[in-house]
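After this come two complexes, each holding subunit A, first together with subunit B and then together with subunit C.
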Partner chain A sequence: MINLGAELKEKIISFIIIGAATVSSLLLLAMLIYILRESWPIWSQIGVSAFLTGSTWRPLNTPPEIGILSMIASTMWVAGGALLIAAPLGIGCAVFLAEFAPSSLAAVLRPVVNMLTGIPSVVYGFLGAAVLVKFFEVKFDLASGESLFAASLILAIMVIPFIIANSEAALRSVASEYRHAGIALGVSKPYLTMRVLVPLARKGMLGALVLAFGRAMGETMAVLMLAGNILRFPGSWFDKGEPLAALIALELGSSIPGSFHYQALFAAGLVLVVMVIAVNAVINLLLNRIQNEV
Partner chain B sequence: MKRRKWLSLLLCFILAITMLAGCAGNETGNKDNAAAPKDNSIKIGGSSTLAPIIAQCADDFTEEFKTWNNVDPSLPEEPIVIFVSTGGSGFGLKSALDGTFDFGMVSKTLKDEEKEQFANGSITQLGSDVLVIGVNAANPVAQVKPSLTTEELVSIFSGQIKNWKELDPALPDRPIVVAVRDLGGGASEVFDAAIMKGTPISEEALQIPSMGALAGKIMDNADTIGYVSSGLVNQNPDKIIPISVDGIAPTLENINSGAYKVGRPLLLVSKDQPDLREQKFLDYLLSEKGLKVVEELGYIPVAQ
Partner chain C sequence: MKKTMIDYLLMAWFWSSGLLILVILLAIIVYLIWRGGAFVNLEFILESPSGFPLGTEGGIFPAIKGTLWLILLALVLSIVPGLMTAIYLSEYGRSGRLAAFISLLVQSMAGVPSIITGLFVYALGVVTLGWGISLLAGGLALAIMVFPVIVVSSRNALLAIDENYRLVASSLGVSKSYTLYRIILPRAIPGILAGILLALGYAAGATAPIMVTAAAIIASSSGALLEPVMALPYHLYILFTEHSSIHHAYATALVLVCLVLFLNILALSLSSLQERINR
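Up next is the complex of A and B:
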């Protein structure tokens, strides 16, 4: 009798949990469908390739010209650049925290690093705009200090804590037999870490980088305040540019709902979402391959 | 132990019930709307230029009357609640149309097709926001060329002239930093209508997400030229130097006489005719007290 009651309870709970999971996945699907529907006129009239490879963005001209190649390039520069800065620092820090740091030091460092994630992005953006932009103007005698590089620097600081936390977890989850075997064989601690533990944890570390990359692509506020938001195609990391997220945040408020401009912004949003999903998918494939090799 | 189990079960039930309630919320909400047309708060949203004015007036209005029966004896004794939120002129138009807000705040000249959408409702002008061409106080252009012609402005903002020296040989050999608001926003539409007349803005122009940040950019960077709300120029008289357009300075006289033409109206729009409460608030906004707030915040109040 008691058993039956417990079973029933279990069933109810699992039903509720499955329901919650279904609702949240449906929510994602519904969001995608909604964005696709709002942007449909763009895809059917302009065409996917013209929209993606056009580099002129003048949605209010008659006839409007909409191409988001410059914005896609800016997004890749900003997010890729942020990762370039954050990956060595983040992974290095994770290795240090997991393997080398004395526990008293780690006990101080870890909460401080975690606290960095809690700082709102607008604060980072504000700091960047007030300090970094001014610094570039004065130090390098630039006419204006905004650049994709400045945005990357701030984004790097924002994603480092994610890289550290996930990489450290990956290192810690390496089975302790490897450590014991290393110690038994008498290899040095650096050798054990770099040649044994890090290669074993690379799956988790790669995952951490992907998470950071996705976050950097979607981050809006700091980028909006630092990238300069110019429409020209960014030739280098040190040019100004307008990443997709900044474009949408900047223009959606003033676009007339239902207009061509509005639909074009939704189309840009869809591109951004698909880019983030694609990065995740590619990495998942890559990870599966690595796992099969090991 | 057992107690904890029950607790978790209870939490799960609460989760499930709130989820179901969330699903049903929309329907019942609509039904409520149909039965009793409105709750008694006034919701206003839209342009970030207008929001501080309306918020200030709403505060003063609530402070002064506290309950509706003090405003008009025929109204019940209920506290006055006015919500103000921002999101841009486009958002203001959309939300006023779909009923999210009772009033939409719009700070741009309405197109004819937009006016039509509010034919059954109301469009009220509170004042105008005048855009001033401003430069940094350290920029010698204010002394060398205190007035620029429309053609000169067009060539600067379209990127044909990229260096201050090209504008006038007496000016320093420094690049011109052009700062604008987001293309397609209210302010850039005003600038296009008055100055650019369809000439595209330079691809190298910095698009700045808010008027305050644009003013900040001009105050921080000696090479910047941009258009700023007259309010912000009045608040920072020594830091942003106004430039005349075709010899006409953005003074109060020139603005009121219509000689200075770079401006946009500040509007409140509603889909339906305002009810008594809303009308009373509109009357307050257009009274001396309301228009004083418009002026204090640096805009030009509508003539009474």
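Up next is the complex of A and C:
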């Protein structure tokens, strides 16, 4: 070795970088473990199934009744509903951007999609509550217009940009030979898109939808301001409800640290984060299978 | 090429969903300006909220200050770990198993709902470490939230640098750290900065994590680490939910959106600058 000192210096630098990267990314695991620890008394005393399937939430009663089934149902209604509205629009817009939009229009539309992701969720929630909910109240003569549906509608606008960006990337990654072959065979462009390009890009598009679903499940502010915050099992999309994220945001500040109520909120948080991570994991498995088929 | 009915229907679907997105953004901005524009003036920006209920008169100066403090602190706390992780992923551990694991963790972290980050910091900082509702706790929560954004965007900026620079440098016997510091990093600066601005915009608008860790209805936002602060998004939430002043709520929303979009547009122009450099 010509220069042992320099070699050592390189070693030290790479060691520091590896160390810093490892430590900071382990933060995620630390977070999960910490939340699990804070919520441990719930799991050991009440039990996983009782907590997940109980539908009354009265943590301040003696003995406290804590079950989060209503909140889980609200979360699923809100996120599923948002996806139902956002998927056709988002995919339509992605196809438009990738295949049909005149380049001048696409040059405007892409930054617009980007800016929509930038608008804070509290602004969406505020506009939804001030405009949409008011509209429902006047139009359908309701005492209060909040509902899971209103929350879904606003969440849909919030997740559409993610669907567009990821689906467009998936469509663009389809090799252009397919397009050339389609044109050479005289197939119409919409037919080519729907029958050839979209199926080829379905892996990426499905991933985009799942990502959007995960985001919608964890969204707090818009849901808090629009879903009505009623602790009851939602019977339909047009009922009021209180999704998990809203429950935590509303009650955390008033719960006494160390109390059953406090621990139950951490347990609810753990359930939410596990749901989000599970959705992502399931889709990864599913996508691998699709890939293997092709 | 004969066009059928279905072709026309499909085209109608693609065009209308594309144009609808455009209309939605325009509608949001125009509506905010229409309802809030008249109330945004120098006095509104530079005065503290007053009146009863609070916020019906005066302005939002402490909220602006608080938001700036929060995002600054989030940046200070997340930039070094974020950059180090990005450098590791792009330069040191491209194909290793550890790198794959770290990538996976960072990706999952990006998917963690922000309220969960808030919950964690509440338990750790606010309760266990006794910081109370404070600027420090809010800054930490936001830092954890933007960490994956900084990692992913900086890693992409570094990976986009022409591989030949690395090959030539190492064939000339230049050390890895010197190459990184003098050649790779300087070229990736616009892209890294773009990622940081994006992260700042994201932090400025985040409400859920600070609502449980840092925000107060009224505070001077002096920048003291262990005191609660006001913040624009939380102020907007309070103005609306407490029915204080709908006019000031629209005006606050307008100021917040302008701040965030300004950061986003700056980030967009920096990343297009980066693309030109790479070409």
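Observations on the model:
What we mean here is this: the second predicted complex is superposed on the first by the 271 of 294 C-alpha atoms of A that agree within 3 Å, B and C clash if a C-alpha of one lies under 4 Å from a C-alpha of the other, contacts with A are read in each partner's own complex, and residues count from 1 in each chain.
One rule holds for everything that comes next: a contact is a pair of C-beta atoms (placed from the backbone, for glycine too) under 8 Å apart; a residue touches a chain by one contact, two chains touch by 3 or more.
Quick caveat, the model's predicted, so the values are computed rather than measured.
When both complexes are overlaid on subunit A, subunit B and subunit C end up clashing with each other.
When the shared chain is aligned, subunit C comes close enough to touch A:24, but subunit B does not. Of the two partner chains placed by superposition, subunit B and subunit C are both touched by A:225. In the superposition on chain A, no contact is made by A:155 with either subunit B or subunit C.
Within the superposed three-chain model, A:143 lies in touch with subunit B and out of touch with subunit C [touch as defined at top].
In the superposed model, A:58 makes contact with subunit B only, not with subunit C.
When the two structures are aligned on the shared chain, A:257 is found in touch with subunit B and with subunit C. Touch criterion met: A:249 reaches subunit B and subunit C at once.
Of the two partners subunit B and subunit C, it is C that touches the larger number of subunit A residues. Once the two complexes are laid over each other on the shared chain, residue contacts for A:191 go to subunit C alone; subunit B is not touched. Of the two partner chains, both subunit B and subunit C are touched by A:9. Superposing the two complexes on chain A places one region of subunit C into the space of subunit B, and among 130-138, 148-156, 202-210 or 256-264 that region is 130-138. On subunit A, the surface patch touched by subunit B in one complex and by subunit C in the other comprises residues 9, 13, 16-17, 20, 23, 129, 225, 249, 252-253, 257. Touching subunit A in their complex are the following residues of subunit C: 1-4, 6-7, 10-11, 13-18, 20-22, 24-25, 28, 31-32, 80-82, 84-85, 87-89, 91-93, 98, 102, 105-106, 108-109, 111-120, 122-124, 127, 144, 147, 175-177, 201-202, 204-208, 211-212, 233-234, 236-237, 240-241, 246, 249-250, 253, 256-257, 260-261, 263-265, 268. Across the complex, subunit C is touched by residues 6, 9-10, 13-14, 16-18, 20-29, 31, 34-35, 38, 88-93, 95-97, 99-101, 105, 108-109, 111-116, 118-123, 125-127, 129-131, 157, 160-161, 164, 186-191, 193-194, 211, 214-215, 217-221, 225, 245, 248-249, 252-253, 257, 265-266, 269, 272-273, 276-277, 280 of subunit A. Looking at the complex, you find that subunit B touches subunit A at residues 9, 12-13, 15-16, 19, 87-91, 93-94, 114, 174-177, 182-186, 200, 203-209, 213, 217, 220-221, 223-224. On the subunit A side of its complex with subunit B, the touching residues are 9, 12-13, 16-17, 19-20, 23, 58-61, 129, 134, 137, 143-144, 146, 224-225, 228-232, 240, 242, 249-257, 261-262.
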